[in-house]
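Following are the structures in question.
Note that subunit A is present in both complexes that follow, paired respectively with subunit B and with subunit C.
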Partner chain A sequence: MNTPVITSESYAHRIWRHLQADSYARNGIRIMILLFFVAALAPLLANSHAIVRVADGCVTFPAFESLDPIEWRFLFYVPLGALVCVCRHHFMSHPGRSASVLVGLVVLIELFIALYHPINDPSNDRDRPAEFKLMTPIPFSPTETTADQFSPPSWKHLCGTDSTGRDIASRMLHGARISLSVGFVSQGIALLIGIFFGSVAGYYRGWTDIGLSRFIEIIDCFPTLLLILVVVNFTGSKNNIFCIMAVIGLTSWTGIARLVRGEFLRLSALPFTLSAEALGATDFRIIIRHLLPNSLGPILVVGTFGVASAILMESSLSFLGFGIQAPTPSWGDILSEARRYIDFAWWLAFFPGLAILITIMSYNFVGEGLRDAVDPRMKVK
Partner chain B sequence: MSAPLLHVENLGIHFGSGTDVVKAVDGISFDMQAGETLAVVGESGSGKSVTALALTRLLASPPARIISGKIEFEGRDVLRASEHELRSLRGKQIAYIFQEPSSSLNPVFTIGYQIREAIELHRPEVKDVEREIILALDRVGIREPAKRLGDYPHQLSGGMQQRVMIAMALACQPKLLVADEPTTALDVTIQKQIMDLLKDLKRSSNMAILLITHNFGLVSDFADRVVVMFRGRIVEAGPTAEVLRNPQHAYTQALIECVPKLGQKQHRLKVIDYAGIQ
Partner chain C sequence: MTTYIIRRVLLIFPTLFGITLLTFVLLRYSPINPLQAKLAGGENGGRAMTAEVREQIIKLYGLDKPAIVAYGDWIGKIVRLDLGESIIDHRPVADKIGERVGLTVSINACSLILSYLIAIPLGVIAAIKRGQVIDRSISFVVFVLYSIPSFAAALLLILYVAGGDYLNLLPMYGINSINASTMGTLPWLWDRIQHMILPVICLTYASLAYISRYARVSMLDALGQDFVRTARAKGLSERLVIMRHAFRNALIPIITIFALALPGLIGSSIIIESIFSLPGMGQLTFQSLDAGDTPVIMGVTLFAAVLTLLSYLAADILYVIVDPRISYE
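On to the complex of A and B.
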């Protein structure tokens, strides 16, 4: 018997096609992908070390040598993820073999990173003589101070420099990683918590719902920004990026929980929930396989808007001086410094502000596109 | 006579509590044999759907409470069964089809996926699931089933959706099919097609069918026996032909009168006179 060909496309594919048909969402996605790659490859785009350097007859790769484990992981896993996405049909058709190949690759990468010690070389390759050198497009590292203080945008410093002569373009490229990872990770945390509480409250109703809803309302009553400031204050010197992500995530899940609860209340009253139950499905299965996919649309939409607001929140925190610690660049941090010199160094505020604006706008466009695309009854334009 | 497939005895189901109790089902008893077709007939609110859902304890509780009685399926006590036992009963032994096919199917999954779920839940031994899905669709008279697998519910007509529901219910080869007003949401020609399909399926398999309807017209050439429910009680029960020919209870008589007959001129449709019925 021939294996039948499934002619209709999958739900995810439909959503993708719909998004591609919407020009705002399409460009939003392009900007998101671009930002993602910029963030992942920042050390190879802006670095004081050369990518390749030939001197005294030996070839070295100084830019790679200075990478820390997290940067190595970015460098390996982003192409790997892209590869899996591109070849997903091949991977699906040989699940066993591809899984073992992937596990093998991951083990190799982790082994390499465990054995690797980054060389912390504060000097730069710009002025060092060499027979051949290939610098990164922006030949400054984000934390490197130079003698050019407050230099306005020029071909040498595309976005100018700040009070200690650090290159703003380089700081912004590296800052993209902080802003984007804060957006994604904190929203991921918020989604997990929000979906959990929302689905339990909406599916079980009754006292469970009453209890959880009051709990959500209590959490909602806290002034988020003040709460974050207090928590960040307590964590004090340990105040690192993961702490910021966790705090933003832990305070921004209530909207998602309410939305999921509402969706579950509506969906669980529909006959298909009863019919799944009559088929002998467990509560867990009904929640995960039947109700959650049906509410995925609205969840994705608020998730996208949530990423935008988390990026904004991180910028506000950094602006207030409670964000990422000093030498690490983030967009909010650059803005915060700009405040003091706004009367003459306009470029300090303009470029990070523009970056935040473009990022938030592209997320919001994608969010709005998703809102239309997730409805299976909508015709693709 | 062998032990019945389904034994319901003195079943009482109340909604709400305190002074606000509604006696939806008030002490009913009936038996079903394997392979038999039983029709439960009654108007809206007579407790027929509640009875059907109670067979596998699908009623949400609260507000529903089963306050008395016994339900036995193949000798097993349903009312004392654990959640785990209930799940292996639902779908596998007792399958349901409901009134609204359009909303009984999950709108975001293809019909092939939904039938696959039924098979994977209860028949893990099936190797070629794809083939089984196509067979299931073929059995309910869907043409070119292999091409329909990837269709979403909203792409199908109401009649096709109900066929998919039936295919899903039958995919697990249940011993009892509960059809809760399967044709109410469909127009008359589709109604006939679906009833013919159920009749064919009944002939080709030894499955018992519990048909729940308010329409005596559907019952006559379909069910072996009829149970008439009124206000949560069974007012009359017996072989279909006998009940139709010689209804004993005033309500049954009134219900049969309500079915308009072809070729008979009537100025007004008969309306049930509740005052005369007790």
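On to the complex of A and C.
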């Protein structure tokens, strides 16, 4: 006798399959992953110090010696995150053991960072004699000034140099970290606020909903860029990356809140919510365990578009001179320098503009693919 | 419909109240509030505030009074369109906004009209040729355009077509040539148009994406309706079916989305006007932010928010007027 095999596919798997079938979204994801690793490994891709240097019989790793705590965290946590993603099935099947392994790794990493003292060495290893040295692909640091001012793109400086002879390719690789971290952190903040207000308004309805909807409408009436500029200017938090992230997050949650409210209004009228209520589940439990997981798809869609617009917002702020502090490389900052020398230094505008274009495009394509994937009207082949 | 419109109009008042309250709170409880400033000079976006300016701001916003009283007084002034005066040149903020708003509105109106004129045919063609090469290439191109940051586009356009080492077709910045005042009407107009081309292009290309997508969805929706099938069944030519029956119905939702475009346009105006040195609202905003001119910043913020609110209202009302089938009961 044959037992019928019921194959069921998880929601996440179905969305993933749909994304893989969409060529734009598939390439978007590839570019996203690539950018992520470029950002994480920037000091190993563009640095004035050698990765490995053998001189006078001793082997040193100068590029690692100058890393600051944040850069170490990027280096450790991104591969760790990737590892968790790759081995997620293994981790899921042994939750207890893998949690302790992860905690142990995090403690080890933090301990290492706490005990580590970066050496600040302004010199470079390019011309320093050595028996063997392995330089990074781009042998310049992002803030290192050289004598080649305004050199157009060449084999030495792939994307040219700026007014103080800093290498644009190196600045762009390091600038990717600012863009991506601002994009993700600010969007995380926006998601938290948006989901909170949206779920409360959508679940409790009535006056709560009317009040919160007015509030959302009020925030919506302020053009986001203007609101951010005013807040950044008024709080005097100019140039602090965490403030920039917070301000972008605090001003761009309204779309998410509207969406979550709509989803919750729809879902809370469905029988599964009623039955959860009948079983005596608390409001909190219904919201977190029943309604939220069912609206995750659309939330993911707006979140993806949101990262793109946050990245654009950060580069607009840096471009206008309200962004990250000057020597820290950021795409918008290179563009704002381009503005002063626009009559001849085309490479200052072209390369960072292209980087922003590609990043935003990949996020928008993935967002678009996700929208099709979670739309119940679209048939999944 | 009348009841709906009245209700919708009444609904703007709580929002209006909220907008003024938020603007006021933003100023009163921020670190540059002269009463809370730590330094004697006060910290104002990195700039020192003189004692005189400090007094003026305290007086204007009643910062020495209790919050509620100060807010009430401030609202009283706003209702009389008294937004205080600039701390840079001591001119009334309302005047400063008034003389610059025309340019910004005309540029944005040009760009909105232009994007509608380009985006709607694109969206309609994409809908008719759904899933075909032409549909996919339209959405790809429009998407790429949408992802180009407007300031990078502006810089590259200046570089390649305005002065510089390449083509020298259009003026680089400003709203008129230096000798504009000596020109006759027609040459003056031509000169103005030449100066407007690049800013309008920069503001237009990004909104193409969502207007054309919206048009496409709306058109697809209309094409799937029963009346289109009826029109086809009675033997009308495909052109008539599309133009008379589907397109006219698809147009209804599209015309109201200008309101959604407005906040984005105001934001882009700040960037574009400062790149092209156009003396509009955006440049005023940027200059006053840079100089820490609090009364102007407050005035501009309030003005932009109220303008957006009114455009949302206009869109909602327009929506019921153009489509009598919609009822809100």
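The working rule: the second predicted complex is superposed on the first by the 360 of 381 C-alpha atoms of A that agree within 3 Å, B and C clash if a C-alpha of one lies under 4 Å from a C-alpha of the other, contacts with A are read in each partner's own complex, and residues count from 1 in each chain.
Convention: a contact is a pair of C-beta atoms (placed from the backbone, for glycine too) under 8 Å apart; a residue touches a chain by one contact, two chains touch by 3 or more.
None of these values were measured; they are calculated from a predicted model.
In the superposed pair of complexes, A:105 makes contact with neither subunit B nor subunit C.
One of subunit B and subunit C touches more residues of subunit A, and that partner is C. With both structures placed on the common chain, the touch criterion links A:51 to neither subunit B nor subunit C.
Applying the stated contact rule after C-alpha superposition, one finds that A:364 touches subunit C and leaves subunit B untouched. Contacts of A:31 after superposition: neither subunit B nor subunit C is touched. Of the two partner chains placed by the overlay, neither subunit B nor subunit C lies in contact with A:250. The touching residues of subunit A, counted against subunit B in their complex, run 1, 3-9, 11, 206, 270-272, 274-282, 289-290, 293-294, 296, 376-377.
Partner subunit A is touched in their complex by these residues of subunit B: 56, 58, 62, 86-92, 95-96, 98-100, 103-110, 112, 117-118, 121-122, 128, 130-131, 134, 146-147, 149-152, 154-155, 165, 168, 172. Residues of subunit C that touch subunit A in their complex: 14-15, 18-19, 22, 26-27, 30-32, 43-46, 140, 143-144, 146-149, 151-153, 155-156, 158-159, 163-165, 262-264, 266-268, 270-271, 274-275, 285-286, 289-290, 292, 297, 300-301, 304-306, 308-309, 312.
By the touch rule above, subunit A contacts subunit C in their complex via residues 24, 214-215, 217-227, 229-231, 233-236, 238, 308, 312, 315-316, 319-322, 335, 338-339, 342-344, 346, 349-350, 352-353, 356-357, 360-361, 364-365, 368.
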